[in-house]
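Order of writing sets the labels: A, B, C, D, E and F. Residues in every chain begin at 1.
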Amino acid sequence: MSLDPVVLFFVLGLAAGLMRAEMRLPPAIYEFLSVILLLAIGLKGGIELSKQSFGDLLPDIAAVITMGFALPLLAFPILRYIGRFKKVDAASVAAHYGSVSVGTYAVATTYLAAQHISFEAYMPLFLVILEVPAILVGIVLVRGISKETHWRRLSHEVFLGKSIVLLLGGLFIGWAAGEDGIAPIAGLFFDPFKGILALFLLEMGLIAASQVGSLRRYGLFLLGFGVLFPILSACIGSGLGYILGLSVGGTVLLATLAASASYIAVPAAMRIALPKANPTLSLTGSLGITFPFNIIFGIPLYHKITQYFYGV
Amino acid sequence: MGSKLMNTHPLQLITIITESVLEHTLIEDLDRLGARGYTITNARGKGHQGLRDAAWSSDSNIRVEVLCDPHLADVIAEYLTKTYYVDYAMMLYLSDVKVLRPEKFIGKDEAAESEE
Amino acid sequence: MSLDPVVLFFVLGLAAGLMRAEMRLPPAIYEFLSVILLLAIGLKGGIELSKQSFGDLLPDIAAVITMGFALPLLAFPILRYIGRFKKVDAASVAAHYGSVSVGTYAVATTYLAAQHISFEAYMPLFLVILEVPAILVGIVLVRGISKETHWRRLSHEVFLGKSIVLLLGGLFIGWAAGEDGIAPIAGLFFDPFKGILALFLLEMGLIAASQVGSLRRYGLFLLGFGVLFPILSACIGSGLGYILGLSVGGTVLLATLAASASYIAVPAAMRIALPKANPTLSLTGSLGITFPFNIIFGIPLYHKITQYFYGV
Amino acid sequence: MGSKLMNTHPLQLITIITESVLEHTLIEDLDRLGARGYTITNARGKGHQGLRDAAWSSDSNIRVEVLCDPHLADVIAEYLTKTYYVDYAMMLYLSDVKVLRPEKFIGKDEAAESEE
Amino acid sequence: MGSKLMNTHPLQLITIITESVLEHTLIEDLDRLGARGYTITNARGKGHQGLRDAAWSSDSNIRVEVLCDPHLADVIAEYLTKTYYVDYAMMLYLSDVKVLRPEKFIGKDEAAESEE
Amino acid sequence: MSLDPVVLFFVLGLAAGLMRAEMRLPPAIYEFLSVILLLAIGLKGGIELSKQSFGDLLPDIAAVITMGFALPLLAFPILRYIGRFKKVDAASVAAHYGSVSVGTYAVATTYLAAQHISFEAYMPLFLVILEVPAILVGIVLVRGISKETHWRRLSHEVFLGKSIVLLLGGLFIGWAAGEDGIAPIAGLFFDPFKGILALFLLEMGLIAASQVGSLRRYGLFLLGFGVLFPILSACIGSGLGYILGLSVGGTVLLATLAASASYIAVPAAMRIALPKANPTLSLTGSLGITFPFNIIFGIPLYHKITQYFYGV
């Protein structure tokens, strides 16, 4: 199996980071790249949505939301009772793993594209939808539905976070303008997409490498959890895709979404909602273990799992 | 030693170094407690909570300066320390500084008072 | 009428800003985008200029400069006597509205392109030319031709401002290298142009939304002025285009230039030349009112006005 | 309390927070008035003139530090306050600091003098 | 004048402005000498070694702040001055500041001691 | 001879800088542009390498390394005894001129492309290789092989510097993924390459212009050295290319590499290894004199020299 060049960029970043080469991109550039990725994913989804009837999507959406609530509820007891994490840490890590990572999703779409496997147009919608429920679960697990929580401030942070607004905005613009309307802006959002993803992954590799120090600190349980729980989630996601009657491509994406762990939106929300949770613990897991695992081994594996479900 | 200007007025400068994720909450706090202004720069650093130098804001620092009268400085310092020190990466220090036109920072009445 | 996607990006930014989503691009990226827009506009104009004789452009240039002096002189008494602005504020706002906005111009060109309406190659030249006279008028209105003004420092600021140098530089390089010479750099300046404009407008929407607070403070007169004066200016610009014998496209652009208000070059110059002018007042007008109005409603309206002139 | 080093010398630090648009004028002023150096960082903030946090420089802030002897500090502070306080968003404060090698900031003769 | 809080503790703040190229060496030095943390911002400036304001790091500045007890401040200041002042663009000053929870910066024992 | 537009961008930057127009790009953007340039150069070389056998490249590599050691050893006595530089300054400047400039190399490749002259695929490898030896020579000239030198820290700085890692990383990814594998990321790395180089050169022009002040200070010898030594080096490089049996294109590139002077990697290394060397002296030479000379006059001249060698 030959590696996709975007994955090679990640490996390059990882290697350079482990050798302590100083190559970090300026934060402004990292943000620029992620804004383009988010908008591009949204726009692509929107264009496809504009081609077909929105129709009977509601049951699927409900099912996916349910999965978004279920995954962190599954992760929590594992972390709490097997991992012996403090309650607040277990809840926070569960929220990270219940939510999703846009970078992982993007790599999965290029993986499918390279194999000429198509997928449902509305997958970016699931990407948006899956960001939120796990955050709520994480908070409620610790605080109950207490009044002390700054729900106003928090829902602002959660629902108006950069990634959700850009994904939804892209979806809307893509849907409103349609394929022909979007064509003139393809030169920024579609043609360089994979190159931008490559550069983004180079940086992610460097960041992941910088987690190694804390990885050592948190030890084997986190390592095991960060690899095994995503595989478990992917099975659930893959099974759900099968039940919902998604295509193989769509199912692989849903499995990848389930398996991916957030490292931007959720950390920010947890700092506000559960300040007593140890932020390094969750980041070490999602960035230092699960992200690399998913990018390099996970996605092809979830493809295999899906093929198994579909009996291909 | 020090400035010999007649019309300098002693004030307190609070410098807060903390997580970027707190920026908005902090600004609201400062407003509420009565600060007349603030200045923010982006920063990175290391402390008890480890290295803070990330590409995204939840893992990088800000450096906030607030110039105000000593009483308010105490109020702000106490409040922030109580509210955030335990759970957040935060460092806060106070320093004595002098300004030429205190009205700008503490209101006219207090300025006149502090002149006495 | 379906909205151009670049306008939708502006609307997205505006909406996100009004909902206080934190999505501002890093300043470095904003600057990067505007540098590319300015160079691209210049290069495009320069390529066209290289194809034809510069010929009898001088009368047109003179006429456009005259308009550049006339517009702020028209705005000033309205602001001073109807709006009851302080003299220095009236002069400063007049300078903003007499000058031009590159972002508005860029949107107008993509509007025309979408409708397959061509325009004169040398329009970017007018864009450059119109930046300056209004600034001079604004200053002289307050100070006369007094010696106190730091003319050296000021003319440096005005004539060597980033936008003028980049536009003129682009024009020159486009003209010197010609279409074939420029072709190899199209991959940065032309292919992603509309995408870059879209991202730029997303940010402009966020910035415009942040003006809402001050909008409330300055009230109804500014709102009225920010909408009606551009329409008046557009009529003048459109009439002038007609008299000069420009094409419909060129006339729409000249009307748009007349209607647009500066929010970068002029504010900077006014801070130096007229420090007593209230900078928020002018910015609220040009950024918070006129820019959104022009982008969303103005340009199609100025097209209508022009069609009326030409009896189309 | 404080540093016990024998060879520290008291100097004044002027910190100026103002509109980016003034950067070049300010540097010229500082040069002209006799400052031997300055340090600038980009900043954002809020004060009497409202929020200053824009993508372009006419609406964002800079934070300028100048280390010099107390006399020059007074001259600079007075001059800047007089020249810019009314029309520009500007805040300026003075603080007492110590340095190890004063020659770098105030010239050898004055350094010797201040040692006495 | 100044803060009237009972539980403030005087500490020293070292501010170092130097070439970005030194960032890593400096951090190693600070760690080795015993500093419990540091804060860094990017800066530009001018001094004896001329203008420092480049697009790449070997020709731009950083501004490093270290908060610590007076003794360590002296050690750090002496070491850095001795090691880097001659060959590198560097400026360093010390200021007196107060903090509310000294444990964070000087260790519990010393904090208790300094309270006496 | 008509100038390539990328050279015109450099001239625009130079002119704007000399007129003190404030147009500097944000540092983050400068870094973004150089990361893309470095990766693109590496990727291109890697793709070509993947097409052919690595074969008998080792002798060429050895010869080029030898040149890398020889050039600074040639420059040193000239600087020390004719220029009467202090030993440490002579060594530092020699290290700068013995090493290479990626920007100059990139302009040379577009120069060749514009003239439809092909060159050997592995030239980026020489670019990487030539960065290092001159640095070692510079240090050893001053310190001998003393233990005092922080060799560990230094070799880290030298071998894991951004440019080497990105070039080698690009080479490796290009080689591993091959032409087809890289095609999907061409939209960021290849299509906009020349435009990105143009923007990069605009900034370089501004930076070069800011060296004029110190240029006056260091006077005529530096000016002469900064022009004549590169020509001498180019002759050596060209001769070596001829002996190694490179194509005309490859020889022009080797000559340009020999003639170019480092302004990023070497200054950083010298600050650590030879802190007593005056950094402005070297930068004024390499940035203020040699870079502009090479971009505008040098590369065509080295082409001429090469043609002379080949009797074309």
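Methods note: a residue touches a chain if its C-beta (ideal position, glycine included) is under 8 Å from a C-beta of that chain, and two chains touch if they have at least 3 such contacts.
Every value quoted in this text rests on a predicted model; they were computed, and no experiment measured them.
Asks: Can you name the chains that touch subunit A as well as subunit F?
Replies: Chains in contact with subunit A as well as subunit F: C.
Asks: Select, from E-F and B-D, the pair of chains that is joined by more C-beta pairs in contact.
Replies: Greater number of contacting C-beta pairs: B-D.
Asks: Quick one: compare the interface residues of subunit C with those of subunit F and tell me same or different, with half as the dividing line.
Replies: Different; most numbers are used by only one of subunit C and subunit F.
Asks: Suppose chain centres are the mean of their C-alpha atoms. Which chain sits farthest from subunit E?
Replies: C
Asks: Between subunit B and subunit F, what distance separates the C-alpha centroids? Give it in angstrom.
Replies: One centre to the other, that is 47 Å.
Asks: Report the inter-chain centroid distance for subunit B and subunit C in whole angstrom, where each centroid is the mean of the CA atoms.
Replies: So the centre of subunit B lies 40 Å away from the centre of subunit C.
Asks: Please report how many Å separate the Cα centroid of subunit D from that of subunit E, as a whole number.
Replies: 18
Asks: Mind pulling the subunit E residues that touch 2 or more other chains?
Replies: 41, 95-96
Asks: For subunit F, write out the residues touching at least two other chains, lowest number first.
Replies: 22, 25-29, 31-32, 191-192
Asks: Touching pairs of chains, all of them, please.
Replies: A-B, A-C, A-F, B-D, B-E, C-D, C-F, D-E, E-F
Asks: Across the complex, what residues on subunit D touch subunit B?
Replies: For this pair, the touching residues of subunit D are 10, 12, 15, 17, 41-48, 61, 63, 70-71, 73-74, 77-78, 81, 85, 91-96.
Asks: Can you list the residues on subunit E that touch subunit B in the complex?
Replies: Per the stated touch rule, the residues are 1-5, 8, 11, 13, 27, 36-41, 65, 67, 95-101, 104-105.
Asks: Quick one: which bits of subunit F touch subunit A in the complex? Just the residue numbers, please.
Replies: 26-29, 31-32, 35-36, 39, 156, 160-162, 165-166, 169, 172-173, 176-177, 181-182, 184-189, 191-192
Asks: In their shared complex, at which residues does subunit E touch subunit F?
Replies: Answer in residue numbers: 19, 21-22, 25, 49-51, 54-60, 87-88.
Asks: Considering the complex alone, what residue numbers of subunit C touch subunit D?
Replies: Going through subunit C, the ones touching subunit D are 24-25, 27, 30-31, 153, 203, 207, 210, 214, 264, 267-268, 271-272, 275-276, 279-280, 283.
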